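Both complexes shown next keep chain A, but they swap its partner, so chain B is in the first and chain C is in the second.
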Partner chain A sequence: MTAKPLLEVRDLRVGFRTGGAETPILHGLDFAVNPGEIFAIVGESGSGKSVTAMSLMGLLPRASARIDAGRALFEGEDLLHLPPERLRAIRGSRIGMIFQEPMTSLNPVLSIGRQMTEAPVAHGRASRRDAARLAVEMLERVGIPEPARRPRQFPHEFSGGMRQRVMIAMAMMMRPSLLIADEPTTALDVTVQAQILGLMRDLVRETGTSMILITHDMGVVAEMADRVMVMRHGRIVEAADTASLFARPTQPYTRDLLAAVPRIDGDTPAPGPARKTAPPVLRLDTITKSFGGARPALAAVSLQIAPGEILGLVGESGSGKSTLGRAAARLTEVDGGTVTLEGRDITRLRGSRLREVRAGVQMIFQDPYSSLDPRLRIGRTIAEPLAIHAGLRGRLARARTGELLAQVGLDPEMADRFPHEFSGGQRQRIAIARALAAKPRLIIADEPTSALDVSVQAQVLDLLGRLSVERELAFLFISHDLSVVRKMARRVAVMRAGRLLEIGPTAEVLGDPRHAYTRALIAAAPIPDPAQRDRLTRAAPPGEYPDGPLRQVGQDHWVAA
Partner chain B sequence: MGLLTIFATTVAVTLLIHLVPGDPVQIMYAQSQGTTPEQLEAIRHSLGLDQPIVFQYLHFLGRLLHGDLGYTIRGHQAVLDVVLQRLPNTIALAVTALAIAVAIGLPMGFAAAYWQGSLLDAGLMILSIGGIAIPSFWLGLMLMLFFAVDLGWLPVSGTGPLNILLPAFTLGLSNAAIVARMTRSSMIDVMSQDFVRTAEAKGLPRSTILVHHVLRAGLVPVVTMLGLQFAFMMGGAVVVENIFAWNGVGRMAVDAIFQRDYPLIQGFILSFTVVVVFVSILLDTVYALIDPRIRRS
Partner chain C sequence: MPSNASPTPDTAANSAANTSAPVRRIARRPFWLRVLGTVNGAIGGAIVFVLILSAALAGWIAPYPPAKMAVGGRFGLPQAAHPLGTDEFGRDLFSRIVFGSRLTLTIGAIAVGISLIAGLAVGLTAAYRRGWVETVLMRSSDVLFSFTETLIALACVAVLGPSLQNAMIAVGIAGIPFYARTCHSAALVEVSKPYFEASVAAGAGHARLVFVHLLPNVFPTMVVVATLGVSSAILAAAGLSFLGLGAQPPDPEWGLMLSGAAHYLNRAPWLMVVPGLSIAVTVLGFNLLGDAIRSAMDPRRQG
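Up next, the complex of A and B:
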């Protein structure tokens, strides 16, 4: 690179004070961002990637964080040592920022127009009227329909994807020369993510803006970035241009990180012993459920799971996949249809009979932080189902708890600890141990690894796969992530808007999708391979898909007509 | 919802008279000497107490719809007139007190939130604990002693434009403490929200962020609480009006209770309910003005 970099960071060191002591978070970062390039900072949680962005913007928490050393030259000025008023003048006008959570990043009580125009007005760049005109232009540019009437609306009138478009439009209002995007698509559905990534790439190209893209997702990096910097524990592991980093990672950590990423074009589990004759452990017959909205959460969905089988259930938010999982465990009452568990119709069971049946089906939830009682020692959390379903108490329960902890890869000695003493991955292992305690035949795992880092996710997925084989344990594996499902499940079901659209062997459904929506999902999933870039569909997918009754198109392969 | 509350109150008010053990008429007139049994019977009849309770209630409701709350036992005035004559005084007192509570509590809570963890914050919050803990009758007497007796700046008691200050402050100060605490926690909550970070990232001046983003969003729960506060203030007015001889319904109610003037007590309870219901409806409207999410639903 001969051109002068737009941003040059030298020896950036940041520490956080907790109690009396200061903990270093960033241990001297050196990097540069060139004009017009997309520079990705990738790392797992705790790597310091967000802190890096916040220190450039001067947005670190004033009370606890301190910049200990370093320079960040941006267009001739050192961002780290500017007086607050000077930095404020740069913030928003020459450096824009987009955040992860579109649902909470806009002020709910102010109109969109107000929020979009206040920055240009405050920076003295435009009159209120000019800013309002510009806002409509920008809304149109980011693909929001009917832009003229949008400024009067409030954030709650927009969907998540639309809000993120508004955030992008807002950040681009003053044509900043640098745009910092902190996990901009992590909270979005995969088809929406594809649109937003495409939009950001177009905008950056068109305006010549440079972008720092902070993400945990190697797929997003491969789709977007010109150059990548891998971070871990506040240090740079390696930095290179995207193509060579993916082709020839020089550091073991980068190699592990890449290896841990599940791929939608990767392997599916080898076909296991056919168990066609065994009666299914779970059978759902045309179950329906409505929460009173315009369309039902579940519309006549039928499927079954064989003993020891892992069925992947894929869908975007609002598809009804979680409702289906809850209905299967009778945590949600269905309006119609039947739920049969191990040959027993449980749809109308009550009281102790229901409790008895429930031991056979257990759940694992997405958020390992809120699904464990923070005031209960984990030993007691795991022993609770033992007492309820197996009548185990006292020393016997303690011994069994120890065994369960060992089975999920934790030290039995840890039983006396509280949830906050564990990491996210360990907590999810505890949740698995709790589910195993009741000796279930079926586990409903609702996005069990979505809150975890990729390396941890890979370990937890391995654990679940092993348990399934060893104990002939069936799984309903619910996920928004096709690549994870591909890795776990031999059979996959695709849901959208409360309906089952396609179900069949994973290799077939993902390799030769017969439904338009399945194809759209697959096309939208980022692939961690820069060579396959430019596959992303920019156009919004059609709003309507065929969702009629299922018709057979291959062995065990059914598609909605 | 509001109508239901008022309806429930009318039932309670009818039953009230029967909750007193023994014959209410006898108790009412126990203090007056020389009431003959015939007179008692006439009073019983005029109050409708010789009829079954359902009829009593329907009768009461029927008169109520015509704006007839009956007549006071002492002086035989229309209850509605007596109540309406004094109600504006009580409302004026409660509104002034609420204004004082907001004028003092809101900036206090805001400042405490802004300088969270500082000495100022700690000081303000200790002060507010004091404000909540001090009983209003004692605070009222102290204010009276200091401003009216020692300094002679304000009249000791009575009803008038200047006289309102001492009772309003008595009522307002302890509520200011509650408003301050509520404002502080709400503001602190809002300051850590993602959209405040967005506002900072846009490079807005700190004052703009605080006034337009934090204050506005933080007011939503505070306004909700003010509705409840107003109801408490109306209740608190009963005590304070008696201390300062403020001619409102609270003082009237205490007199009515001592004189066992049941129609007047009923009128007092009903009028209070109507005012409180009305104010909460009013605040729901304000709430919708601040929060667009409420407006549409």
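Up next, the complex of A and C:
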């Protein structure tokens, strides 16, 4: 790379004002993006990766943020010190942007065509008619079927993945020399993510556009980037070409980060001693549930969980996996089938008898910010099940709450604090402590680490695994992420569109998937290893999969025919 | 907005390094300081404070009893003995305004209290019970909502008979649908949050779910609604009194004073200007205060 860099950032320093004081966020970044390369900025939350992108685009909140120093030379102009109207001319024409949320980054009341042609017409690059023709071309290029009739449609007529394709098409309309993509696939299902990543890579290659890819996901970096910059606390930890960074990370932080990433080709808990004799702690029999749509949310799903077992439940959005978990906890009423908890049919229990058995199943939710009552001290939140079921109050409850906090790795002294004083990982630990307080035999964990940074996720997963062993606590571990499930669960179930498609021992299901959909899921999961790049299947998976009754294909291994 | 833009980026990063380390406690100014520290809050707070002071100390502040007539001193211009002049019965206008603030505040408090308590009961019940209970409660409040508040208040007074007390009740009843609706939608948000479901899953009973989780989380919203509602309740009650359906003579109620003064608009315009301004300033004060409370409660505007 001897060519002059397309973008050269020198000593970028940004601060945010809070109250009267100014907190520095970026402490002097130096980096360069070469023409035609994919440059990844990777980091955990609070690393400053998005602030970096926003300062380049002039999108920092003007009221609270200030660029203290630095230059960002892009095609001979300093982006940081351009007058706003000049920057606006560059933005959207020579620099394109793709954001995380495909659901909110398109204007819902304007047609796709109108939004796509807006920029070329506004920048005087094309007449309305030429722009419209270009729009159809771009839609076709990003793989949208029937591109000719799409410009008249509105965003709500597109799925999330399709919208992100439209966003990419829109960004490419102006043939920008630099694309800035901020977590472009984080909100998408894994099979869709694989397609979008492949599409972006092909586009960049073909058009010679450079791309800054901002992500938290080492797998995505490995699949996409030519060079990587790892950030932490507003500083560059290290920057290198992708292959050598993954092969020989020089900084301890990078090593830890890479080690914390669960891998779909990683280890899985060995199948434990067979516990066939023990009655299952949870049995779901032909559970059906409909929310009134065309297809049921759950169609005759059956499974069981042995005491102390972690069963992974995998599926994409809309698969019904969360509904199944809620049905098991009796948070959702089922239309048909039975929920049996420790040999007792709880499907139709009501009132106080339901409340009594509820202690046996507890839930851990995805969002650590809304899963604790913001107005209660966390000690009271954790003590709630104690008060309900054991009548424990006062000093006794306090002592027990302290024990629980210690068990999840928190300081018992923290019981008097409010949820807003804790980080996401800590809140999730508090939620776990609350679940434990009821002394359940089964915990439904619905994406318990999806909102957490990867290093925090590793700690929380370890905690859950340890608790399961120590207390012979069974888990229904719901996740969209096969790699996480592989790390946690001995047995895994795959769901799609309300049906169970495959269930069996994790090593077998992931090592020798017998269902086409399981294979598609595995093929789409990014692997944090640049050497395995180009493995992702780009082709859209077929819309139809066999989803008939389960047929046995191995010991404990069942597949829908 | 990505989380990185949060003003305290070190909190999440700390936890990544060491989850057992406490996150730095964010020093926040106390709530009342955040309310009164704004221009709106300061002005609104000052107006409401003066009003409360005048109501509490009316006996000391007012130079005369509010109903004391003086035959010789009708329609007196503002002067040293009567700073705001005298009315058609020679009563001291300043004293009547001061004593009237008592009635105004009482009306605001009682009417809003009725709306608030009934609205909370209806809204919480509907959001918590769901099903047909919700349908019945919320649809009937929609029906009431489609009439203007004044019309409902008029109907109530027509049934109950005109008096200050009945006017308060009428205004309170007329406000219920709005409070119920606001409370219902705020409660629906909370009911669907994981912390509430976690409590359900833990086996919490009705009382715990409603009074420990739901009510405290809905209450802040309702405080804002109630503060803003005081002004419209005062206006509505003044309106009823003006029409002769609320306070009866010789009560020094501002709306009633307006109505009495209307006959003498040409001869003694200050008789109308003073109570009118009093109502306007009071309404303004509660609106500003309510606005400031709302801003201070908005988590996006903390500083």
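The rule we apply is simple: the second predicted complex is superposed on the first by the 561 of 561 C-alpha atoms of A that agree within 3 Å, B and C clash if a C-alpha of one lies under 4 Å from a C-alpha of the other, contacts with A are read in each partner's own complex, and residues count from 1 in each chain.
In this text, a residue touches a chain if its C-beta (ideal position, glycine included) is under 8 Å from a C-beta of that chain, and two chains touch if they have at least 3 such contacts.
Source: prediction; values computed, not measured.
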Which superposed partner A:H123 touches (first chain B, second chain C, both, neither): first
Per the contact definition in the header, classify A:E44: touching chain B only (first), chain C only (second), both, or neither. second
A:H233 contacts which: chain B (first), chain C (second), both, neither? second
Touching partner for A:M57 - first (chain B), second (chain C), both, neither: first
Chain B versus chain C as contact partner of A:S370, first or second or both or neither: second
Tell me which partner A:V301 touches in the superposition: chain B (first), chain C (second), both or neither. neither
Regarding the shared-chain residue A:D453, is it in contact with chain B (first), chain C (second), both, or neither? second
Where chain B and chain C land on the same part of chain A: residues none
Of all residues in chain C, those that touch chain A in their complex: 2-16, 19-20, 22-23, 25-26, 193-205, 208, 212-213, 216-217, 303
Chain A touches which residues of chain B in the complex? 117, 193-195, 197-205, 208, 212-213, 216-217, 220, 290-293, 296
Inside the complex, what are the residues of chain A that reach chain C? 16-19, 23, 25, 44-51, 54, 61, 64-65, 100, 182-183, 232-234, 329-331, 352, 354-356, 358-359, 361-363, 365-367, 370-376, 381, 384-385, 388-389, 409-411, 414, 417, 420-426, 429, 431, 434-435, 437-438, 453, 455-456, 459
Show me the residue ranges of chain A that touch chain B in the complex, using the header's touch definition. 57, 59, 63, 88-93, 96-97, 99, 101, 104-111, 118-119, 122-123, 154, 156-157, 167, 170
